[in-house]
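Before anything else, here is the set of structures, which you'll find just below.
Two complexes come next, and they have one chain in common, chain A, joined by chain B in the first and chain C in the second.
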Partner chain A sequence: MIINPETRKRWQRFKSLRRGYFSLLLMGAMIFASLFAELWINNRALLVVHQGHIYLPTYGDFLPGTTFGENYDWETNYRALAEKIKIEKNGDFILMPLIPYNPFENDFIEGEYPPYAPSAHNKHYLGTDTSGRDILARLVYGFRIAILFSLFLLAISYTAGISIGALMGYFGGKFDLITQRIIEILSNIPGLYVIMIIASIVTPSFWSLALLLAAFSWMGLTWYMRTETYREVNREYVTAAHSLGASHLRIITHHILPNTIAILITFFPFSVAAGITALTSLDYLGFGLPAPTPSWGELLQQGTDNLEYQWITASAVTALSLVLILVNFIGEAVREAFDPKTHTFYE
Partner chain B sequence: MRYIGLLLLVISSLVNAAALPKNLKWESNNSAPLWASPAAEKGGTFTDFILSFPPTLRVVGPDSNSSFRGFINANQLSLTSFHPNTLEILPELATEWAYGKDNKTVYYHLDKNARWSDGVPVTADDYLFTMTFMRSKFINAPWYNNYYTEQIVNVTKYDDYTISVTGAVARPKEELHYYYGLQPTPKHFHTLDDNWVKNYNWKIEPNTGPYQITDVKNGKEIIFERKENWWAKDNRYFKNRFNVDRVVIKVIRDMNIAYKYFEKGEIDTFNMLQPDLWHDKAKGRLYDSGYIEKFVFYNDAPRSSSGFFLNMNDPTLADQNVRSALAYALNFDKVTQTVLRNDYERLEQFHSGYGEYSNPDIKPKPFDLNLANQLLDTAGWTTRNGEGIREKNGKPLTLTITYGNKEHTDRLVVLRQDARKAGIDIELQLLDPSAQYKTIMQKQHQIAMLGWSTGFRPDYWQHFHSANAHKPQTNNVTNTDDKEMDKMISDYDTETSREKRIALAHQLEQKIMVMGAFIPSWKTTYTRGAHWRWIHLPDVPGTKTGDSLYSVFGDGLLWIDKKDKIDTMAARKNQGSKNPVTKVFEQYKVK
Partner chain C sequence: MSAYFLRRLLLIIPTFIGITVLVFTLTRLVPGGPIERMLAEAQLGGQKASAHQQFGSQALSEDQLQQLKEYYGFDKPILQSYFEWLSKVVQLDLGESTRYGEPVWDTITQRLPISIYYGVITMVLTYLICIPLGILKAIKNRTPIDNLTSLIVFIGHAVPGYVIGIACIAFFAAHLEWFPLGGFVSDGFEDLSLTEKALDLLNHSVLPLLAYMAGSFAVMTFMMKNALLENMAADYVRTASAKGMTFRQAIYHHALRNSLIPIATHFGQNISIILTGSFLIEKIFNIDGIGLLGFEALMERDYPVVMGILVISSLLFLLGNILSDLCVAWVDPRIRFGEQR
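So, the complex of A and B:
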């Protein structure tokens, strides 16, 4: 793969900005860890050796209790199985994940009422929520959903924003004028309210919510794309491509887009943050993804309703602040790395 | 024009001068046990709150169904009332009553002392006017228009202080009072025309009860004051009640903020049915030093028919085995013992707490995964997919519960986890309450989680008769369509013998349970709350059927010790010397 020297220079520059670079590494590690959350936060065992057979229950179909000699045919309770194996010592072996809970199950303690405070003994390292679900598990799975949601939202709104903006700048004239007016009208619709109204009538799914949000968030990008394209379209290389007989589509995608992409990349981290915030606020208000989807917004809402259980609010707020700070550090560094001026003089 | 009016008046008075049937057996009740405390003192200001300012002061017409209407209605007396403990009939605006032979009509002698709050006497014409008023298209209230045409069919005036009220169907005696009871409407106050709704939005209607609104501070508060010379203040059943001089109803738009007002002593009492309020928020110094006292009072009243309503038009739920399996797969007890902190109990049947009308032999289906699994195997949902959800012809057993209160999510997620063990996948659909109501009324739900408000007697027709099945905007949300059920319901509705009716009610409850389209959830069997110690209540602080200890208007049992209030307010910053008070009253606890 040939890397454009300009791009290489920018990457070097980005790497030299330590705060942004380490934020990117940390964020990357977090996303990676969350993508494989099943391996370290799960109620299914990683490995079971039962009567000489080896089972890897993490991914794949559920194993009924009867597989391991239990008398029920629903999903095996691996925590109970682990206890049993520990007592019986009959050569069986079980390896549980670090945090042996999934984000949906309710773990209740006899004689106590949820939420339970953080406790290393119960392996609820951040405690549980008001229906006895592990907060750490819900944070991690909630993060995975939020980040994937945000990326998917970004993909749609960027595709729409970039193509429409480029077309406006490229063709100009009446098309530009009319589309501008349409975008102005659309921008004045309060998107979040519309989504809340819709969500109170029909329960949204992951995809429909992302599409709805995208419908109200693609407009901002068109302005930047339009001005950039306007500028590029009058350059000699575009005229040259024209005279060589290149089609409009080819000129836009092969010539103009690579030269405008720099400005768009600087927006990218902030758009990710905006996507996470939008999903979290909708969940907080109860108009987001349906229960029992793990969600930071729902945790925040539980926390503010029950301020006396500080661990709920504390976990959610810390997690949210951490991610938003990291994203902002990254964004800041990207912006600086892409800035054509290495030095700025103030007079 | 004036002559025509006069002529009409003469004719109408001729028509109205009907003759009272002979041999009427007049009854009254002046010896029922009293329930107020003779120790009660008059005076003081009582402050309560509502969550939003009422959109109007009218009690009928558009936007009138707000929570504030309860305060206004509580100050409008009826012809008769029910004893809150013994359910005997007590005189209110009528002194005596008699029953017609048709089992549809009740005759009343009106109290000649009764006065509207503006001093005008309450006469038979005000009752006739109620009919004109409630039937009028100007009030823009179709439900009332219909009820006062279809249910209450006639009011007859015999003289200024004698009337009769006739209902549409024959009923047992006590039900005649309940269903065909009437409140007078001040004829001299209302002008019915096209502008009635607008003109009467903020007018204070004269009333017959102990308090009247004296000040409305828009968006902030509404003030009631006790009538100095209330016409009924010496009546046997009103003595020692309605003790507070002024009642301030503040608008506080958030429950948590309202609770802070209470802790500051700016609100006198606080109802605390919610588990988190009672267990977590209501503790600390103010409680430990006895400044605020906590009361639990068990009552014995009809319980709301709450639970899951399974739409039998849905192909999956049309199978009785699936419905029963679902009932066995829902672990209500686990929710009760954890999320609900043992504060709630399992509801037994559709009509629980209706005294003899409830069937004592019915118990709800317990949590039993083996039975659930067997039933689903029988129903043909035999294979399980990779997630452990049962399948039939490649379709997973996924059921959607539609609900409208986000407080219920905690309960549902626990139920959902255990149902998965039976191979049932439950999806939760939380909608805005009005959207949920709309969905359910359109019968577009699969399973609806809701509770119906209670009535005086069990009512099956609206919920289970086939006349209301398979069409929108009716309360038969399970789409129950069963010939045998229809017959039993019409027998129940037309039966006037109490014993036979009770027997029919028991059979109907049994049938509802067998059919399994209604899965009962929870009930509360008490009311509870906390109050500052200057609030005093009788030794038995509530009534058998009461749903709040702190109603200043309805029961009106509490009184304020003004000296104690001054002392407490001065001392509340310091550590008190008293002990914490939590009193539990089990007089009316249902065993």
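So, the complex of A and C:
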């Protein structure tokens, strides 16, 4: 993206809108933290010093229990190891992540059945779900998946929407007419139900679900791009570029797109929110990503099926609302930065 | 203009065929279709009560299987059975539910009143609250009243209705026990007196209505507010003021009328919500409407019902969109559809 004075002015205006700016910072921090979730929510230790050797088990292959002198060769139970080291005090050292559970792991406390209520003692700070998985861990990993899913979905639908829209506006004529009809048909399909029907037949993966959702959501931007391109095509600079011998592709990518694409950023936060909502609703209905993928929708569904375990519903609803509200704050500020509305009227 | 709407009406046909061909083909390719499901059920020896229990626990013979396939049209090529299905649909015959063994049309019409009940009340309440609230917020722009209501409306906008529904049912129904945990009416509804019936229905309706309204509420209020704000800043309102009209007169006689136009664009969309409800909200509150029926039909692989609901909801959706445009053209004579730019 070219940084021109106008862009800089918009960025200044965006920064001056405190609520949106801080939401952006907070959101950025949350995404960053979730990308490195393995470092602070994991059942693998961050660092183990065992008999003078240093181990960093977080990333990479699993270390069998025998590595640390345990009598089993499946993956080391680091929580048990930490307990042992604490008691034995033989010079070994272990550093566990803040939340020593991973999102797929069923924790069973002796003499009790899951779900377990929130407890700082067990380090289940938000409790566990009905099969004993840590809710905080599932929230954070679920957030990561939802955000990445949403961004991937946007990448597809924006690419399709922008290029098809630009082509429609640029070439016009028959191509424009036919594509218009196709879009009209597509946008009249009750998308959610059709996606549910397809998902009930073939269990979708991360990629195929995103493609499926994109197939029903790329049309929004197309209308906008089409109108904008249509307007730009008749400007002198396009004619000038054309007479200089520039190809159609070059005119579209080098001349028209830079002039039309900037404003698309005002749609972006709202599209992210829509992507998260779509994934969560599908997961809630059981037609989203396959189990045991950590997912907010699945937590919501567990919560409504077991209303007596209020911590499940409370955590999922709070997390989802918080993220959606932050994204909307950002979106509102971006919109205002691009188009400061000053209403004055006569009294 | 009428040519435009005629074209829109005619476009319903290819769109409808497009949607149904797509879904019809998919339901044919599915593993575990209705016949496999019935076989599994028969082998379970009637654990689930079903109309097909007469097959008992013995395995089906080849002949019987063939009969079943014929009955459901699974023995024919996709295209042929699609056209047979389509010609029946044109005669309003949507086939028979594989789960209930009764006509799909009856199954759907039984549930329809419940969805209509919620749809109509939601629509009326939304308009009754949003329009005055939007006007108030525009006139009192950037005052404490505006900011406070903005916050509430904003949350309703950011958080989808079904999440608000989940929060409500968890807090008001499960925790505080003010309201029942879903359902349309209580179990002993038939035996209640008329006032008790009304109270019972109201009691069951409060939370779902909140969830239904949360979605459209914010959009509507902001639309009303922004439109009115824009019109209040317009030159013709300034002119009206300059002529000596009071502020009130200028707003209510001039600005308000033009501000109602965008609200009209939303009207047609209500039609599909009224009739088909929402999968999510009906599932959360266990309301036996069209949405829940569609969801359960999918879970049970009851494809005649799935197709029936798809037919009805897509037709309504298509009609709703056209109705929206008609409303816009009706309230705003400046808008001309279908003319070349």
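FYI, the second predicted complex is superposed on the first by the 337 of 347 C-alpha atoms of A that agree within 3 Å, B and C clash if a C-alpha of one lies under 4 Å from a C-alpha of the other, contacts with A are read in each partner's own complex, and residues count from 1 in each chain.
The rule is simple: a contact is a pair of C-beta atoms (placed from the backbone, for glycine too) under 8 Å apart; a residue touches a chain by one contact, two chains touch by 3 or more.
Just so we're clear, the structure is a prediction, and the values are computed from it rather than from any experiment.
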{"item": "Touched partner set for A:308, first chain B, second chain C, both or neither", "value": "both"}
{"item": "Partner chain(s) touched by A:104 [first = chain B, second = chain C, both, neither]", "value": "first"}
{"item": "First, second, both or neither for A:90, with chain B first and chain C second", "value": "neither"}
{"item": "Which partner reaches more residues of chain A (counting touched residues only), chain B or chain C", "value": "C"}
{"item": "Contacts of A:4 with chain B and chain C, given as first, second, both or neither", "value": "neither"}
{"item": "Which of chain B and chain C A:181 touches, first, second, both or neither", "value": "second"}
{"item": "Which superposed partner A:198 touches (first chain B, second chain C, both, neither)", "value": "second"}
{"item": "Touching partner for A:60 - first (chain B), second (chain C), both, neither", "value": "first"}
{"item": "Which superposed partner A:284 touches (first chain B, second chain C, both, neither)", "value": "second"}
{"item": "Contact residues common to both interfaces of chain A (with chain B and with chain C)", "value": "200-201, 286, 308"}
{"item": "Interfacial residue positions of chain C with respect to chain A in the complex", "value": "11, 14-15, 18-19, 22-23, 26-27, 29-31, 141, 154-155, 157-160, 162-163, 166-167, 169-170, 173-175, 181, 229-230, 232-233, 237-238, 241-242, 247, 272, 276, 279-280, 283-284, 294-295, 298-299, 301, 306, 309-310, 313-314, 317-318, 321, 341"}
{"item": "Parts of chain A lying in touch with chain C, wherever the complex brings them together", "value": "181, 184-185, 188-190, 192-194, 196-198, 200-201, 230, 273, 277, 280-281, 284-287, 300, 303-304, 307-308, 310, 313-314, 317, 320-321, 324-325, 327-328, 343-347"}
{"item": "Chain B residues within the chain A interface of the complex", "value": "276, 279-281, 334, 337-339, 341, 369, 373, 384-388, 406, 409-414, 416-417, 420-423, 427-432, 435"}
{"item": "Contact footprint of chain B on chain A as seen in their complex", "value": "60-62, 64, 72-75, 104-106, 108, 113-114, 130-133, 200-203, 286, 290-292, 305-306, 308"}
